[in-house]
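The following pair of complexes shares a single chain, chain A, combined with chain B in the former and chain C in the latter.
Entry: the complex of A and B
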């Protein structure tokens, strides 16, 4: 039973991170390689708001979430907007530079010291006993719930709301969408905002469950294979890809060798790319464009 | 060129040449470390502490009435950058000594550059085999707390002493060479002492969730766990074990954040083995560090500063024994006959000879969290010692 809980928690972590990769790619064809760094920024924002507003933890969390969204919008407005019309490769390189800059900035602002936002909020993270004597931490349970809510909201948003439909249209054919009067910059800015919001949310919850330090950026990178396995332009694919990677990782830790857990996401990725290069649920034509 | 610019150019030239002019009258020492990058949490405080020590030293009049000029470079824990730093120190800055505060993967390229330039190199955290007796590398020295040869056996010996019941030992390490080496030596010692090693978890660096590793470990039912890894891995593993309801005893190798985390966790079954005296011992030297840190605007807590402070003490003594004008050869000669009293930060003085660039005895102090006193207390009254042969 504990094994199943471990798989669900890890899958939820990967899914929450990888949906941000998918959102940006789906709308603008850009691989955001600064996603891990944006996770880190989100977590540090929570640490800062928690330190400032320790007496009002809910306000601190809400403020950090809003700031995370704003950071994403700012990244687009100040940086990625200038990449519009340029080669996709240039935009991807731009995100790499952004990542390097954010890593440096976080050390300058918050130092490299390990931080504990949970302590700053004055909360605790008790262990919940489930059936079959399995256990889960409260924050891990919240993370699973948050992932479910985020995916449900994203499916609803993209499928039924005006801005969601505009986002899909911009992703499918930006020129046509633009000619039909869709404000592409607004759509892209919203996609960056939402992607950074989900990345920040993942960063906040991971740091609340354990701690916060610069290695979080590498966790962001570990979720990248999950998005690729599922198909970079498919939200459902990101969910399935995350589940596949999590199952492989946890089973290898339990039954084979924990060391293999580090390479298995990339092994699964290679296996999927050989059979179906556009991912399990990705669109073939999207890959051709890349 | 208009004459009106002459004063400006003169001023700029003065500013540009000032460090060089200053350096001519100073002991010039290079400090390269992971000030940023994934491992900065461990190494940046050491750099900050060395700088703090040197600032204090200069404020007191320097060494032999000369200032110490520290040239600081950030290698981000990357071997290529560390090599470039060493090259710059030697070719541009004319340093007489290089101090490294970085991950072990930067050691080989730095040592190669130091060898090319004939400059002594001092490590401040993990001590490589090149510094151990009987035939250390002639240019490499170490003030760091960790000894791959002794940490594991000493930790396991402590567990044996503490246990009345048969020990079922779990071992935790990170997938990096030194950590795995210590875990292997701990496992061997445990077996030789009649313990049962029930599981060994080698955890890869950055892991989003430590619970799967902790689950595997818990399922082996250890009553003791010995952890030897970067602190983040050690502490996240024990936290994951506790969330799973494991109530056994956990001994971890202490690093800079350990003291603060023991206070945060308040875990009565958490033990730490440290080569440095904790600040909870409240020695006069701890007060000295606290006072110095209080006057400076530091990014890290005072509990993170011991290893850098010790490196500063060693640097001061080495330079004291180096007559003016200093050369790398003179520094090397001074370092080959060095004895530094660490004022209790370590169990005994650091002593270097031509055949031993580590120390003649390695000392360990054991601590635990006392739930009744709500404080960190020694888990063993005296320092435990081992001869370094």
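Entry: the complex of A and C
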């Protein structure tokens, strides 16, 4: 029973992170390899706001989330905007460089010490007993809820709102979309903002559940196979992919070897790339050359 | 070196020589003499940096062959270095093998890994290929870590300095000559390979796969060959790295190392042997420059603990700047500089953005 709960929690973590990869890829065909670092930045923002506004934790969380959104928009406006229309690979390398830079910058700003935003917020993280002796921490439960809300909101946003439809249009055919009067830069910036917002949310919740230091970026990178397994441009695929990766990871750690935890997602990734490179639900596309 | 008035080759023999003008011969001889002379006067720190540059140059050349010329992006270069280093470490620990066994063994293992790394390239292109090599990187590093924990070398595998014909490689100066020889060998090998049929096939592949195939290039075979040759070279570099550091540990082969090699190729300038060498020099020197600058600046002592973070930040910023403003890399700057002096007093303004 505990195993099932672990799988669900891990799947929710991966799903919450991987929707950011999907959003940016779907809208601008850029693979954002700095996603893990943006997650880290979000978590550190929460730590800062929590230290500043110790009295009202909810305000701190909200403020950190808004700041996360701003960081994403800034990343686009200052950096990725110049890469629009460049080779896809150059843009990806740019995000890699951004990731390296952010990792250095977070240490410079917040130092390399392990932080505990939970204490700074003044909350506690009791473990809840579910049916059948399974346990789940309060934050993990919140994380599952947050993932559900985020996905529901994203589906609604992309399916029914004006900006969501613009986003899908820009993803499908940027030239045509801009001819129809869609502000491509605005749409891209929004995608980056939303993506960083969800990444920051994931970072905050993970750091609240355990602790906060640079190793968090690895979780971000491990969520990337989840996005790819489901198909890089499919939100539903990201959910399924996360579930697959989480099941494989938890079971293999439990029954084979705990050291496997960092590689399982990449094994799955390679398997999918060999069999079905565009993922389970992704659209088959003409893959770019270098 | 280009000549302002043009230099025309009139026979096949002239086309086959590597250095054809007197200026080239003289400058090359002076450069070689300088390289051979330096270790006798330089400080140990400087020799160490030079050795690191040579090691990085071998790896960067290998990556340049596969990414810059054959056009197959690889983000798993650190995994291949790790494969070479661990082959050396394991053979040394398990069988007490000497270097003349471990080095070819590393190359063979590297070639096998290259074949595995290259297999996805038959189906995947661009981004997806990059991602698959990234996945393989983690798997190779995991295998190394698994060996370390299984055999109880949880902190790393120590290696004894190797000896070649009774001459022990235990100081920086001895290593300098060995690594210089390897780096020079790798450079010559790459230059000649690129002038051969294989090299031309790779360039054709990079430009357009379909056209290359129509011209009779065996696409799958040449892609795999690019990965195999590049990986074998990288593994040799990894093996030498292991002996040079006399220590093998998975921590040394992080994703950041892969990124550094990619950065060498990008910063140097894609599609140029000189670019690989310049990139290697630049990326290896960067942390030392940063350290030197921070030491000069009137900063508080607390900054010294953050030197690692400053390095990361500066590295990221430099890489972004090159990607944004100088996509042709250091070679592009070098060529513009050359043209400026060659054409002086005229100014060269490119008609269209070259690319």
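Please note the rule applied: the second predicted complex is superposed on the first by the 285 of 290 C-alpha atoms of A that agree within 3 Å, B and C clash if a C-alpha of one lies under 4 Å from a C-alpha of the other, contacts with A are read in each partner's own complex, and residues count from 1 in each chain.
Everything below uses one rule, namely that contacts are C-beta pairs under 8 Å (C-beta built on N, C-alpha and C of every residue); 3 or more make two chains touch, one makes a residue touch a chain.
Quick caveat, the model's predicted, so the values are computed rather than measured.
Superposition model on chain A: chain B and chain C are shown in a clashing arrangement.
By the touch criterion stated above, A:13 is placed in contact with chain B alone, chain C being left untouched.
By the touch criterion defined above, A:172 lies against neither chain B nor chain C after alignment on the C-alpha atoms of chain A. In the overlay built on the shared chain, the residue A:51 is in contact with neither chain B nor chain C.
Contacts of A:259 after superposition on the shared chain: both chain B and chain C are touched.
By the touch criterion defined above, A:228 reaches chain C but does not reach chain B.
Once the two complexes are laid over each other on the shared chain, residue contacts for A:114 go to chain B alone; chain C is not touched.
In the superposed pair of complexes, A:94 makes contact with chain C only, with no contact to chain B. Shared interface residues of chain A (contacting chain B in one complex, chain C in the other): 103-104, 107, 111-112, 259, 262. Residues of chain A that touch chain C in their complex: 31, 79, 82-83, 88-90, 92-94, 96-105, 107-108, 111-112, 221, 224-225, 228, 257, 259-260, 262-263, 266-267, 269-270, 273-274, 277, 287-290. Only residues 2-3, 6, 9-10, 13-14, 103-104, 107, 111-114, 116, 119, 125, 127, 129, 135-137, 140, 206, 209-211, 213-219, 222-223, 249-250, 253-254, 258-259, 261-262 of chain A touch chain B when the two sit together in their complex. Interface of chain C with chain A (complex): residues 67, 71-73, 119-120, 123-132, 134-136, 138-139, 142, 145-146, 149, 206, 209, 255-256, 259, 262-263, 266, 306, 308-317, 319-320, 323-324, 327.
By the touch criterion given at the top, residues 35-38, 40-41, 44-45, 175, 201-213, 215-216, 231-232, 235-236, 239, 242-245, 257, 264, 299-301, 304 of chain B touch chain A in their complex.
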